[in-house]
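Before any comments, here is the structure.
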Amino acid sequence: MGEIQVETENKKYEPKIAAFLCNWCSYAGADLAGVGRIQYPATIRTIRVPCSGRINPLYVLKAMANGADGVLVSGCHPGDCHYISGNYVARRKFALIKSLLNHVGLEEDRISFSWVSAAEGGRFAEVVKGVTERVSALGPNNGIFKVVDGGAADE
Amino acid sequence: MKISKEKFGQAFDALVAEYQIIAPVSDANGIAFKGVKSFSEVKQDYLNSKLPPKAFFFPQHEKLMSYKKEGKDVTVKSELKVDNTVLFGIRPCDAKGMQLLDMVFKNDQYTDPYYFERRDKSVIIGVACNKIAPTCFCSSFGLSPAGSEGSDIFLIDLGDSYDVEVITEKGKAVAARFEELSELSADEQALVDKIKDAETSSKVDVSTTTSKLDKMFNNPYWDTLQEKCIGCNVCSFSCPTCHCFDISEEVRKNEGTRVRTWDACMAPLFTLHGSGHNPRDNKKARWRQRMMHKFNYFVHNNGSMSCVGCGRCIKGCPVNMDIRQVIDGANKAELVVE
Amino acid sequence: MNKIINDIRETARQLLAEGKVDVVIGYEKGSLPLKATPCFIHSSEGVDSLIWDETCENNLATYVAKTPGKKAIVAKGCDSRALAVLLQENQLVRDDLYIIGVSCHGVIDQRKIGAEVGEILEASISDGKISVKGMEGDKEYLFTEVKDATCQTCRYPNPVMEDLHIGDTIEVSQEAAAFADVEALESKSDSERQEYFKEQMSKCIRCYACRNACPLCYCQECFVDCNSPRWLTGGVNRAENLLFQAGRVMHLAGRCVDCGACSRACPQGVDIRALNRKMTKDVYVMYNHESGISEEGKPALNEYSANDPEQFLVKE
Amino acid sequence: MSQNKIGSVLIVGAGIAGIQAALDLAESGYLVHLVEESSAIGGTMPMLDKTFPTNDCSMCILSPKLVECGRHLNVRTYTNSQVVKTEGEAGNFKVTIKQKARYIDLEKCTGCGACAEACPVKVDDEFNQGLGKRKAAFKQYSQAFPNAYGIDEKNCLYQTRGKAKGKDICLKCVKACQAGAIDHQMEDKEFEVEVGSMILNPGFKIFDASRLDYYGYGKIKSVITSLEFERLLSASGPFDGHLVRPFDQKEPQKIAWIQCVGSRNAKINNNYCSGVCCMYAIKEAVIAKEHSHIPVDTTIFYMDMRTPGKDFEKYYNNAKNNQGVNFIRSRVYEVTEAKDDSGDACIRYSTEDGKICEDQFDLVVLSVGLEPGDSSKELAQMLDLKVNKFGFAELEPLSGVNTSKAGVFAAGAFSGPRDIPETVMQASAAAGAASALLSDERGTLVSEKEYPPELDVVGDVIRTGVFICHCGVNIGGVVDVPSVVEYAKTLPTVAYATDKIYACSQDAQASIKALISEQKLNRIVVSSCSPRTHEPLFQETLKEAGLNAHLFDMANIRDQCSWVHMHEPEKATEKAKDLTKLAIVRASMQQAVQPIFMSMNHTALVIGGGVAGMTSAVSLADQGYEVHLVEKDNALGGVARRFSTGFRGEDMKAFVAGLIDQVSNHPNIKLHVGVGIKDVGGFLGNFTTTLENGEQLAHGVALLTIGGQEYKPKEYLYGQDDRVMTQIEMDEALYNHDPKVDDAKNFVFIQCVGSRSDENPYCSRTCCTKSVKLALKVKKKNPGANVFVLYRDMRTYGYYEEDYEEARRIGIIFVRYSENAKPVVSKEGDTLVVTVTDHVLDRPIEIEADLVCLAAAIKAPADGKKLSKWFKIPLNAEGFFLEAHMKLRPVDFSTDGVFMAGIAHSPKNMEEVIAQAKAAAGRAGVALSKDQVESAGLNAFVNKRKCTACGTCEAVCSAKAVTVDMVNRVAVVNDALCKGCGACASSCRCGAISLRGCTNEQIVEMLNSL
C-alpha cells in the first residue's frame, strides 16, 4: 500500500507542504488514517487550527513566500462544521484566493483545498498522495512569492 | 571643448571594462536609470528619470549585515561589494540632490560607510537639460537647468556632440579617456550660452521662506493645507533629497539580516513609538514636518534648502499636491502670535 | 460655466451658509493641465473654486471618514458605491453626510495622453473633445479615445445613493457585467500571466499610493506595516510586492467598487486593476455579488450561501 | 418516594441517548453511573455513515461527545457491564452491576493496538455487521472510548483453550504489549451503586430480515440490510467507503431499497411504523450516488413515503427532483436470485394500479425496522416496567419520558422507534426529569479536582521542556526518537529534552511533573500521539505541576507520522523533527490562558404559555429554579385548549387545566399573562427582558415556546361554507355536539391542506394521525357513516399505524390523490360535492359530503421574527426556529442560553411537544446549575488600537459573540458566547481581532520555522 511514484527529473526532491487541518474533522481524519495504518507520503507539516474558518488567506501567501512547496488546507465538509458555519465563511475566501493566485501565475497545484471528514481516513491519505504527486511534478517552489535573501527567489 | 558623440560613445563603451555604468534608458514605464553595457542603450533625448538616482548610493532596501546561529556558534557577516561606477546623464537637479544627501550621511560625528562606499566610488557625469518641463522649478533655488554643481564631468548636448566641462579630480580620471576634444564653433558656443542661460519658467520665491517658517510652527496654515493629502510615500520616494530610513531585523529560523529601508515622513507609522505613542499622529504635523525639514531645519543645519526643484513630487502626487503652491502659501500665510 | 458646476456651487453655498455642513468636499482646478484636485470648502465664500469635469478623477469617498464634522461630498457613481460600502462597514454616519450626486461619463486617462504628446503644457476640453499642447507635439482627442479604462466598463455612472442629484442621469444598459479585460488575461497561459505580473510587480516601489487612494483601505494599520506578525519583510522586491498586492486584493474581495483610484494613483503605472478586476469578476460570477450598489448590502465575504461553488477543491 | 434521596443517576446504555443524558446530568451537578453492555460507548451512531437530513458525518458530530463523556470526572463509565439487580424506590435505588472481564487493564492500555496486531484470531466484526474481520483482541472502532482494547473471551485462543488447562497457549498479545496491560486472569466482578434515579436507554436491535424469507435475506448474497449498507458507505467501513458488493467487490450500478421490512406488518405482530426507514433509505440512495464514481441508479420501493420530520420533506423532494432517486409506490412480493449468475437480485412487485412487474438489481437493500433489543426486554422485566405489545416500554401518557415506575425514565428507542434528534431530546428530557426529582441533592456527590496554585510565568525566560514518546515501538519503531530529542535540544527556548517509552503512562507523568519543577520549565511540548485524545491528559499534568494548562503543545508523531510512514523511517524522522519544532514554536509563544467567569442569573424566562411553555416551566421550577412565564394571550394553554382528546385518548381539557393549575400554584413560577415582550438584551447568564408593561425581568436563560399557527385554508370552499372546517374546528364541533357533525352521514377528510406545497414545502406531521383519529371517532359513533380520507401519503408513523390499520378494517375508505390532481370541493345547489381521482380505479369519483374536514397545515409562529432579532437566533426558510444542530442539539439555539420547544421548532404532536419541552428545560437546567458562566478562555480578543469597527467579525460570527460597540468604535467579544473558531480573526483585515492559542503571530512564526 501506499508508495507513490513520482516521476521527476530529480528523484530525490521531496516537497514540503504546509498543511492546515481543522481540529474537528480533517485532523481527526488524519488521525484515522494513522489508526488504519494507511500509508501516505511524509511531505506534509501539519498546523492544527480550530476550524478552517481560522485560515487567513495571508497564511497561504506567507507559506509561499517562505518557500513551502505547497499548501494544503482541509476542513469539515459543508454542514459538518463544529462551529456551524466556519467552513462556509472560509469557503469564499478559499475559492477567491485560489483563483487569484492562479491568475497571477502561481501554479494551480501549489495550493490545495479539501474537505475531509473525521471518518475519511482513507480519503485523507488519498488527498495527501494526490497533492504530493502534483506538487512534486511542479518541482521546488521557485514561485513568484518566494523570498530569498531579501529578494524574489528568481530575481 | 567638445567631443563628438561618436567618440564619446567609443570612450563610454570602453569604460564598461572598468566601471559599472548607470545611464538613463527608456522602458515601458518611462525613463529609468539602469546599468548599461553600451552607449547605444542610453536614451539621450529625455527630460529626467521617473525616480531619482539616489538609490544608487542609498538603496531603497539594503542589507547591512547578516548573521547565523548554528548550534552554539554565531557568525556575523557584513560585506559590501561596490564596483567603480559611472553615473551618466544625471541632471543638474539630481546632481545637486546628491550633494545634499552627502551632508546627511556625513557629519562631524558619523560617516555612513554604506552610502560613502558607493558614493566615493562613483563618478557623476551630469548632462544639462535642453528641455524644461512645466513642473521644473530648480531656478527657484539658485540652480539652473545647466548647472554643473555636483557633477564630476558636465556635458551639454549639442546634437552631434557634447560640450565637456571636467569639474573634479574624479572627473578628470574618466575624462582622460575622451580623446580628441575640440574647440566649440561660434554657433555651438552660442548654443551652449543659450542653454546655460536658460531658466525654468516656473519659479517660486523662496527668499523669505526659511525665516517665515521660523515663525510658523503653530500657524493655522497647516490646518487646511494637508486636507487632500492621502499620506502616501510618492513624494518622498521620488524626491532626490529625501533620505529617511528605517532599520529592521529580518529573522527566520536560525539566521537573520539587518536591513535599511526607505521610510517616509508622510506615513503615520514613521514616528510611531513602540509604546504606542505617536508624536506626529496627524497629517497636519506630518506636512509641517515635511515643509519645515526641507525649507527650514535643513537650512539651519546645513545651510541649504533640501529641495532642488526637480518637480517629481508634483508629477507623481495622486491628488495634485503641488509643493510650489505649498511654499507659496507659506510665504503668503498670515502670521499669528506664537 | 455649465449648469452642473453652477448647481454644485449653489448647493455648496447653501449647505455651508445654512450651517448644514461644516465642509464641502469637491474638486477644484489643479496646478497641472487636465488635473483637478480635491478641495475642502469650509465657508460659502470658497464655493466658486468648485468645478466638475472629466478631470475629476479622485475618489473623494477616501476623505469622508477621516474628515470630522458634518460634510457634503460631490460624488460620482463610483464614489457613491464606495460610500455605500463604508456605510455597510460602520465607517460613516449617514446623517453626517450630504451626498451631492453627479452622473459621470468617465474621467480622462492623462497617462495615455502624456505618452503621446509628452509633458502636457496646456489643454482644454469642450464638446467631448480634448485639445492638448504637449512638449512633444499637439493633438486633439475625442473624449472616448482617452477615457480611463475603469470608466469604459462602468455600470454605475449614476450615484447609487445621494441626497441631491445634479445634472442629468446616464442611461445604463441592463447587461451583465462585462469582463473582457479579465478574460483576455485569463485566456493567456499561466506562464504568460506570470510574466505579465512579474513585470508589473517589478515596477512597484511600495509607496502605497494605491492603498492610500483607495476609499476602502482604511485599516489603522495595514498588514504590510504590521510588525507582529511580520507578514512581509522590509524588502521591496517583486515577490513581496506581489504578496502586498495580492494580500490587498484579498482584503478588497467583495468590497472593491472598481473605481480605479488605485491604478490612477500609482506613480509607476502598475496595473493594479488587473488584480482587482479579476477579484471583482470572481465575486460576481461565483456569488452574483457587486459591492456597494446599495446601502443595505453586505460585503461578499461577510456572508455565505450553503450552495457557494467549490470547484477549487482537490479532485480526490 | 424515598426521603433519603441520592444525588446520582444510573444510566443504562451508552448510545447517543445515554451519552447525552450523562453529560447533561454530570454537567448539572449529579454523579452519573453509565452502564454499557459492549466494550465501548457510542451505540449505533458510530456505525452510520451520514445522517439525514443534513448529510452530516455521523462520526464527526459524535466523537467530541464521546471524548467529553469519556473524560468527565463525574461520569463513571462501566463498559462490558450489565445491571443485574435493582431495589429501592424513586430517590434511592440500589443497583447491582456486573462487569465482565476485559482482560486488558484500562488504566494501563494506551490504545496502541499492538495486541490486535499480534493476535492470530480473526472473527467476524459485529461493528461492521459481519462484513469485515476483527481480531480477538480488538477495539470496536478507532475513535472508541475507552481508547483501549479488550479481549473477546469467546474467541481468544488462550481463554478458550489454554486457561482452563493451565497451558500457555498463544499469549502473543501479552508479549506484544509493552505497557503490560494484558491480564488474562482478570475476573468478572459485581458491585453495587446507589442512585436516586434511573434513565434507561438500551437502544434497539434491527429487525432480523431472515424472518421474512420472501425477501431472500441470508440466501441471496446481493440482498443486504440497511445497516450493512451504512457500513459499505462508511469511509471507516470494511471497504473504506468504496461502494462495492461485499461478496464480489463489484461496484453496483443499480440499487433498490425495499421499505417496511419488519415494520407495518401485522402478520408478524410488528404493526407499527419504524419511523426512520423512509428517511434513511432516501439518504442512502442520495449518498450512494454521491459516493460512487460511476452513475448509480437508485430506486426505493415503498408504500407511503413518510418524511414528516423537520426539513425531511425538502430532503425527499430534492432526492426525487434533483438527485434522480426513483420512487415506486408498490407492494413487493418477493426477491429472488437473478438467473443469469450475475449474483444480482430480482424484485417482483405490483404497482398501485395493480400491474405486476419485475426488475433486476445489483444490490437490494432491505430497510429493516427497529425492534426492542433483548437487553431492553430483560431490563423491563427486571424493573417490572409496563411494556406494550411489541415489547417496547410503555410511557405514562403525556409525560414524554416517564416509565410506569416512579424515578425511572426512558429515552431513545426503549419506548419505541425514534430518530436521533428525538432520542437526544428524550435523553435531555429524562435528564431534566431526573434532575427535577433529585434537585435537593444536586452537587452532593460530584467531585471537583484541586490543583496547586498556578505559577506566574509572565516575563520569565521561556524554558521549554520537550518529551518525545516512543509509544512502545509504535513511534520508536519507525522514527529515530533519540535523534529527534537531540534535534529538539538545539532549538530556541528548549531547556530540556528527553524521550519516554510511554509519555502517557503514570510514571512518565510523574517524571514530567518533577522535571517541571527541577528544570524550571515553563512550556511543555510532548511529541507523541494525537492531541485530540491525549492533550487533556498532559494538560492535567501541567496543572498538577502548577503550570497553566495552555503553556503546552503536542506534536502528533504517531497517528500522523510513524503510523503512516512505516516504510520511510528517515523521512518520518525528518517529519517528526519538523512537527516537534512547530509545536515548540507554538508553545513558546503561548501565554497562560485563564478560564473566564461571568455571573449567572439562576432565573429562567419562558416565553409562551402553551403546553410546551408550561411543561418547561414546571420542569425548571421543579429543578429548583425561579421561572418567569410570559404569555401574551389573556389565558394560558395555547392551542391545546381547543383539543378534546390526545392521540392516546387522553382528556386534553383536564390535562391543560392541570398544567395551568400547576404553573399557577408553583412557588417558583411567576406568571406574566396578557403581556407581550418589548425588548430583550444580554446573553447567557445575564439577560434582561422588558415586558410591554415596562416590567424588566432579569434571567440567565430563555426558553422560546411560542407555538405556531393553523393555516387558514384558501381552498376547498373553506370560509365559504361552514360545513368545511379544519381539524381543530371539527374537534371542537364534535366536543360541542354541533349538529353539523352530529347529524352528518358522509364525511370527507382532505389531507395536506397547505402542507407539502410550494408555499409550505414541509409536512405538518400530525394531520394524518389526527384525521384518522377523528375519522375513527365519527365512524365508531355512527358505524353507518361513510367516511373518506383523501390523502397523498398516510403518515401514521410509530404506533399510530395501528389506528390506520383499524380505520381501514372498520370500513373507512382511504383514497390517494396525487399532488397534481388535487380533490375539488364544489357546491351543487346546497350539496357539497368532493371530486377526487382514485388511483386504483383511475377515474374520478364524486362524493356528496355532509362535512369536509381539512387537515390544515401547522405554520410557523408570527412572532418568530421578533424573537429572532432580539435573541440573535436563526429561523429556517419557513420561519420555524433553527436549532444549533439538527441531530445533536435539537433544543439548543446556536446562541448559548436560549432554548426552544414545541411547534415553533417544527410541527409535532402533543407527546412530542412535551418531550421536547422537558428536554429544553433539561438543557436550560444544565446552564442554570452553574455557579458562573465559564468559558475555557481560548477566545477571540481584540486589539482596540487596530480595530476599525467595520463589523466583519460580527457578520461572520455564528455564535453571535462579537458585536461592535459603536460608541467606542471597537469590536467587543462576549467571552460567554465565543466558541473560539477564529473565523473573525481570519476575516479581520486590520489584524485587530485574534484568537488565543492560535494567534496570527503563532501561525506566521510556525510558517517561518518550516
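Letters A, B, C and D name the chains as they come in the text, with residue numbers starting at 1 for each one.
Rule of thumb we're sticking to: contacts are C-beta pairs under 8 Å (C-beta built on N, C-alpha and C of every residue); 3 or more make two chains touch, one makes a residue touch a chain.
Note that this is a predicted model, so its numbers are computed, not measured.
*Asks:* Which chain's mean C-alpha position is nearest the mean C-alpha position of the whole protein set?
*Replies:* So the chain nearest the centre of the shown protein is A.
*Asks:* Based on the averaged CA atom positions, which chain is farthest from chain C?
*Replies:* D
*Asks:* At what distance in angstrom does the C-alpha mean of chain D lie from that of chain B?
*Replies:* Here chain B and chain D have centroids separated by 72 Å.
*Asks:* Measuring centre to centre with CA averages, how many angstrom lie between chain B and chain C?
*Replies:* 31
*Asks:* I'd like to verify one number: the distance from the centre of chain A to the centre of chain C, where each centre is the average of its C-alpha atoms, in whole angstrom.
*Replies:* Spacing between the chain centres: roughly 36 Å.
*Asks:* Touching at least two other chains at once: which residues of chain B meet that condition?
*Replies:* 61, 250, 252, 259
*Asks:* Spell out, as numbers or ranges, the residues of chain C touching 2 or more other chains.
*Replies:* Counting only residues that touch two or more other chains, chain C contributes 221, 223, 230-231, 233, 235, 237, 301.
*Asks:* Hunt down the residues of chain D that sit against at least two other chains at once, touch-wise.
*Replies:* Counting only residues that touch two or more other chains, chain D contributes 945, 956, 987, 1000, 1003-1004, 1008.
*Asks:* Residue numbers of chain C touching chain D in their complex, please.
*Replies:* So the residues of chain C touching chain D come out as 88-91, 218-221, 223, 226, 228-231, 251, 298-299, 301-303.
*Asks:* Give the list of chain B residues in touch with chain C in this complex.
*Replies:* Interface residues on the chain B side: 28-30, 47, 50-51, 60-61, 131, 133-135, 224, 227-228, 230-234, 236-238, 246, 248, 250, 259, 261-262, 264, 267, 269, 314-316, 318-322, 324-325.
*Asks:* Please name which positions on chain C make contact with chain B in the complex.
*Replies:* Residues of chain C touching chain B: 30-32, 35-40, 42, 58, 62-63, 67, 118-121, 135, 199, 203, 205-209, 211-213, 221, 225, 230, 233-237, 261, 264-265, 267-269.
*Asks:* Please name which positions on chain D make contact with chain C in the complex.
*Replies:* 945-952, 955-956, 964, 966, 969, 987, 989-992, 999-1001, 1003-1005
*Asks:* Report the residues of chain B in contact with chain D in the complex, numbered from low to high.
*Replies:* 71, 252-253, 276
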